[in-house]
Amino acid sequence: MKRLLITGAAGNLGAQMRTRLAHLADTVRLSDRGDMGQAGPNEETVPCDLGDRQAVEDLVKGCDGIVHFGGQANEAPWSTIRNANLDGVYNLYEACRLHGCNRVVFASSNHATGYYKQDEVIDNSVYPRPDGLYGVSKVFGEMMASLYHDKFGIETASIRIGSSFPEPRNHRMLYTWLSYDDLARLIERIFDVPKLGCPVIYGASANDQTFWDNSRIAWLGWRPQDNSAAWKEKLDAEVEKPAADAPDVVYQGGMFTADGIHQE
Amino acid sequence: MKRLLITGAAGNLGAQMRTRLAHLADTVRLSDRGDMGQAGPNEETVPCDLGDRQAVEDLVKGCDGIVHFGGQANEAPWSTIRNANLDGVYNLYEACRLHGCNRVVFASSNHATGYYKQDEVIDNSVYPRPDGLYGVSKVFGEMMASLYHDKFGIETASIRIGSSFPEPRNHRMLYTWLSYDDLARLIERIFDVPKLGCPVIYGASANDQTFWDNSRIAWLGWRPQDNSAAWKEKLDAEVEKPAADAPDVVYQGGMFTADGIHQE
Amino acid sequence: MKRLLITGAAGNLGAQMRTRLAHLADTVRLSDRGDMGQAGPNEETVPCDLGDRQAVEDLVKGCDGIVHFGGQANEAPWSTIRNANLDGVYNLYEACRLHGCNRVVFASSNHATGYYKQDEVIDNSVYPRPDGLYGVSKVFGEMMASLYHDKFGIETASIRIGSSFPEPRNHRMLYTWLSYDDLARLIERIFDVPKLGCPVIYGASANDQTFWDNSRIAWLGWRPQDNSAAWKEKLDAEVEKPAADAPDVVYQGGMFTADGIHQE
Amino acid sequence: MKRLLITGAAGNLGAQMRTRLAHLADTVRLSDRGDMGQAGPNEETVPCDLGDRQAVEDLVKGCDGIVHFGGQANEAPWSTIRNANLDGVYNLYEACRLHGCNRVVFASSNHATGYYKQDEVIDNSVYPRPDGLYGVSKVFGEMMASLYHDKFGIETASIRIGSSFPEPRNHRMLYTWLSYDDLARLIERIFDVPKLGCPVIYGASANDQTFWDNSRIAWLGWRPQDNSAAWKEKLDAEVEKPAADAPDVVYQGGMFTADGIHQE
Amino acid sequence: MKRLLITGAAGNLGAQMRTRLAHLADTVRLSDRGDMGQAGPNEETVPCDLGDRQAVEDLVKGCDGIVHFGGQANEAPWSTIRNANLDGVYNLYEACRLHGCNRVVFASSNHATGYYKQDEVIDNSVYPRPDGLYGVSKVFGEMMASLYHDKFGIETASIRIGSSFPEPRNHRMLYTWLSYDDLARLIERIFDVPKLGCPVIYGASANDQTFWDNSRIAWLGWRPQDNSAAWKEKLDAEVEKPAADAPDVVYQGGMFTADGIHQE
Amino acid sequence: MKRLLITGAAGNLGAQMRTRLAHLADTVRLSDRGDMGQAGPNEETVPCDLGDRQAVEDLVKGCDGIVHFGGQANEAPWSTIRNANLDGVYNLYEACRLHGCNRVVFASSNHATGYYKQDEVIDNSVYPRPDGLYGVSKVFGEMMASLYHDKFGIETASIRIGSSFPEPRNHRMLYTWLSYDDLARLIERIFDVPKLGCPVIYGASANDQTFWDNSRIAWLGWRPQDNSAAWKEKLDAEVEKPAADAPDVVYQGGMFTADGIHQE
């Protein structure tokens, strides 16, 4: 690629992927509302509010691919969610359509299906069951991806990201943990295949414990390498195991299911 | 029921259902931004803009059930869709949650799955494939229904309405036609069952030609009585049959799939 | 058939089927521990305790087919269930094996799958979920049927009988009602087909409301004719509708799921 | 249509459909190697050997649609099957490709799946299990239909015809019987839909007993009206019921499964 | 756990697991009718006949978890099976209910589904097909587990144990072999997860050859480590390969399917 | 085995397997129309035209097993395909039937299902979608295998061979590559199992990228060892990546789908 855009570059995943994905394009364009630090050798930084349609058009113009981490990454009041994750995604896809950017990685979330139980194994064909306004907004994004693919041929991989941190922090993350390296490997595969289509992918490492089944995207060739089990002993020693009826044990979405509707 | 709210009462379906559903409640509260005419014997009219959260709360308060036809019922620019179908639905469910209204009929649409092909038979478990911003907004509504059911126990039946008119108007409607009487029968069933849950239902009459399979909601006991085939001869005589590659023949969503993104 | 044995002939279904099935055999042998009344023209009555292996052998000898209504037909303490429904079924199949009786109608019950929810539509391939010791004993009977078919070629139709009464008595029976005539039609089909195999069949009339799917036994050619909907208006008027969280509304097995373990 | 070609016009189905389908086209071209009798008002007769490629090209030229009953309609030695059903079908599809005939009804057969058991209900997605060289040749025809659809856009409906006779002649035909009128209705539907694709359809009337499931082609709108059950009593009286292990009772393909390989 | 009960402690699996599971509880209570040898450091031995309800209550009281290997572990006459595996399991679950023991490992068996063919791959959702009275009794146990879970919340993992020996002894065991270490790892997982539910698990090592699919319990996180293929060469050299139609080759349950009904 | 026949021995796969499979039989009989070179120690060469029925009978007589690589291995005009792959296969199975050769490896091809998309994962139960006359002929062969199994008990493994070369030559082969060693291992398994039945197997190595799912033949115990990913870097460097809409990227069958019908 000539130019790859990473939105949400000041966030955790943006920062982690910025270096790991540098080899994918001649120039990596980084964008965020927050501080992205110094631009590196083949980087350029473009501050942008995703709610500003014109700014998003300018941002996307000239890019061959997008990794969209931007937007609200947690439960929040409706207006926050709406502006960042509904308006933002609408602006992004309109910009893609107008400026011919045809491949997008959309950071969806396990919270798009968070009300499935932990003792169910689900694949990417299930009807979504979001666990909050944030989860609803992620399904909205997947639907926009589907629409712009069916109507305009823009290809998106929606990754329902589990828990992407340096290591799993609690027992639920033994299921949902996604190492940074495995995420980077996945994004590499997404930009490598000549034809992507519009797949939904569960973003988790090769964990011993799993309630997600990616067999329907075996054609993508992503083989995660890391395994949360390496931290199990440490977690058992340091973190109290939740009760059998704790949301973190019952539902795939964990504590998000216990949350109310955030008010302004 | 003591009081049933029908939103979108000035629209086509609202007007048709207003009389057919009158027996379901002591009082039928009608609401719209437009002219709803004179209130009948057990009716009350409450003009309301669904984008006004406080007004929606006032509207919902005191109602036992809602038939939600309100909102934007066709493709439109993003801001129109967002205000009517995203903000509007958010406001509606928040009002339900706050005022204990626990049963909703949500007028979803076949355009939530409009990019499925007409030679595929789909049931209500498929992953949605909306055919426009309008279709995306209907999936959003279904997701809000799912969320408020899983989190707060509010029950919604999402009816993916086909084409509800006095009679089928073109060849595609031989598949999608839903008679007013069959729609009324469906809503009666929805308010009759003691426990509803949160089902998705394809809203079509007992047409000879169909690409929708409602067998997973057989427990609801809805048996549509009408059949578009009664109009086939007339249609064949009066309406030109579309070409084999016309959107109206290829996709379940018909001409919506041929539409672009409406701009303001 | 030369001789058809009906066990449990003093019970409700035995009494109803006794006359309706009279044409199926030259002689109908009736058996029960209780009073079966006077033997009719082509009937013979043979009192028998199903727990007595030798008596069961004598009972079965010379019969070409069996309709097995005998045993405990309701929740009961373990020893009652065990003697009537475990020992009894063991004795019956051993007698069939020893005396070459190769076709059996086994009165299984909807309580073999009573913990499935009423808003799930299940077919005959599901893993059982019994709702009491009685339900467990019915699965035991189905398993004995399966075993004696696979090992010895004895053919059994296990009918998971819903609610077989003159008319539906409560709202749950709108789903589960099986008219006597439809039951008789089903048994006629079972003895008519040259090859039966070992099917499981949900025993319900052609009710508008249903949570059972018999499509996998369409080859049997049973077409029930009656419909509980004919009684709906009467039921609505006379019987209080249960609450949304009542066992009779939540689970297919209804009130059985609310029962404890009966003690001696 | 301007011109509809019916091959195998001298055979049973050809003769029956010739009149019933007359209204579908201005001219019905009839073809066979055998005697087709006098051409009627809007008919023309063109004798043709399907194994003669040039003759088949001449036959197909100028036709808008084809109902292909021609070829070997029963088990036969390999060379007979090959010439009539392999060469013949190859010639037919090549002629369609070269002369732009884009819609074909292919008379496939239940013997394409004849080794499925009668107590299995199969739909049109199953892997074929032919019961003789004839059945293999019918799968070959379905594959050619699939190929010429995927590669050249020629649309074919492959009807796996059951037993199409004036009335069912034995107990197996209670399952497989297809009335001439229902067959004609099906062919009408096939030529009515603007877009056909390449469906496989089980050709049986609305018989009480069935082991075929056409639910995946519900979009076609074919509703058979006749029912073999009307002849059951007569059949029971006049035809001996086969034994439980007779091929006519065990396998869907009936006696064909008991046949050997025919030698020249 | 404070106290883990292992029944059948004098049997093969009881003896093997006794040491391997010692770390799971402060005290391991061992029970059997036979000789369990000397109690080790954190062990206590409690002789018990499972058919004695009061004795079983005393046995279970004070235990947090149970590994139930007790009962009849092979085909046997009905009365033996009934007393050990029906009465015994009833007594066990009643004791759990009365004394609050909420997690059970039930040693079910591959003979619960023994009549499935070896060239079918089955998962844990299939309808059982037991291959003897022993197999029927194992389904009975699974049903009791299901019942006590749905009704009382007692959690059971039913392990359909394959062939648990030091090494595979014949060619069928290349499929069914379960190493002692893999069994111990499985039981560790079962007691480790905060919420177990009531899963059915096929108990086999990571053998190259398998007809069992555990993908639906991937959430449990059990990863067997051993592989029967390590013994294949040795078996091929030392054990005669069975004929193609031998029960040990045709059915998953192997020689059990060739057995008759054992008489007293 | 006493004698194993390998047809197509002068071809690529024949030559590769000739040595790798030598240990499977006392004598390996090699056959082809072309030059097979010098017979090795336990080899015998028998030139044969597969279209000559008597010659094929002589060839098969005395063989215990067959690996059938013979016939036309690429798209070709109809008469070539027919003679080599239809007549040839008919002759082969007739010879097997007449001379009691009961186990066959049939070299089917991925072109039997070549019109499935590369972003679909298919298993061996799908309805075939051949991508040319060659692919149709391979389905024909699978059907003959099915027929001779159901009717005469002759067992065949149909391997839908991907791309069997020393190494993958283009990007599509990253999916379809089958190493010679993995093919040999597969054939070893096929001749090792006492009962084979008639499975269809996708022939591909353990490649990172795959659109084929062999889980339904897990019972066979074939574990491929090689992985096309080892050549990915080299391929990326040396071979131009095809465009997103290139047949080699869209369809599983690759360039075959872009081919027309070959004329004589």
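Per-chain numbering from 1; labels A, B, C, D, E and F assigned in written order.
Methods note: a residue touches a chain if its C-beta (ideal position, glycine included) is under 8 Å from a C-beta of that chain, and two chains touch if they have at least 3 such contacts.
All values derive from a computational prediction rather than experimental measurement.
Asks: Once the Cα atoms of chain B and chain C are superposed, what angle does the rotation have, between 0 and 180 degrees and to the nearest 5?
Replies: That pair's rotation angle lands at 120 degrees.
Asks: Could you see whether C-E or E-F has the larger number of C-beta contact pairs?
Replies: Between the two chain pairs, C-E has more contacting C-beta pairs.
Asks: Averaging over Cα atoms per chain, report the distance between chain A and chain F in Å.
Replies: Distance between chain centres, rounded to whole Å: 42 Å.
Asks: When the centre of a chain is set as the mean of its C-alpha atoms, what distance in Å lies between chain D and chain F?
Replies: Distance between chain centres, rounded to whole Å: 32 Å.
Asks: By residue number and range, which residues of chain B touch two or more other chains?
Replies: Touching at least two other chains: none.
Asks: Which label fits the chain touch graph of this model best, line, ring, star, complete or other?
Replies: Shape of the chain contacts: other, as it matches none of the listed patterns.
Asks: Would you mind writing out the residues of chain B in touch with chain D in their complex?
Replies: Spelled out, the residues of chain B in touch with chain D are 118-121, 171, 174-175, 207-211, 213, 229, 241-246, 249-250.
Asks: Show me the residue ranges of chain B that touch chain C in the complex, using the header's touch definition.
Replies: Those residues of chain B that touch chain C are 194-197, 199, 215-221, 223.
Asks: Which positions of chain E touch chain C when the two form their complex?
Replies: On the chain E side, the touching residues are 78, 82, 86-87, 90, 94, 97, 115, 124-133, 135-136, 139-140, 143-144, 146-147, 150-151, 200, 257, 260-261.
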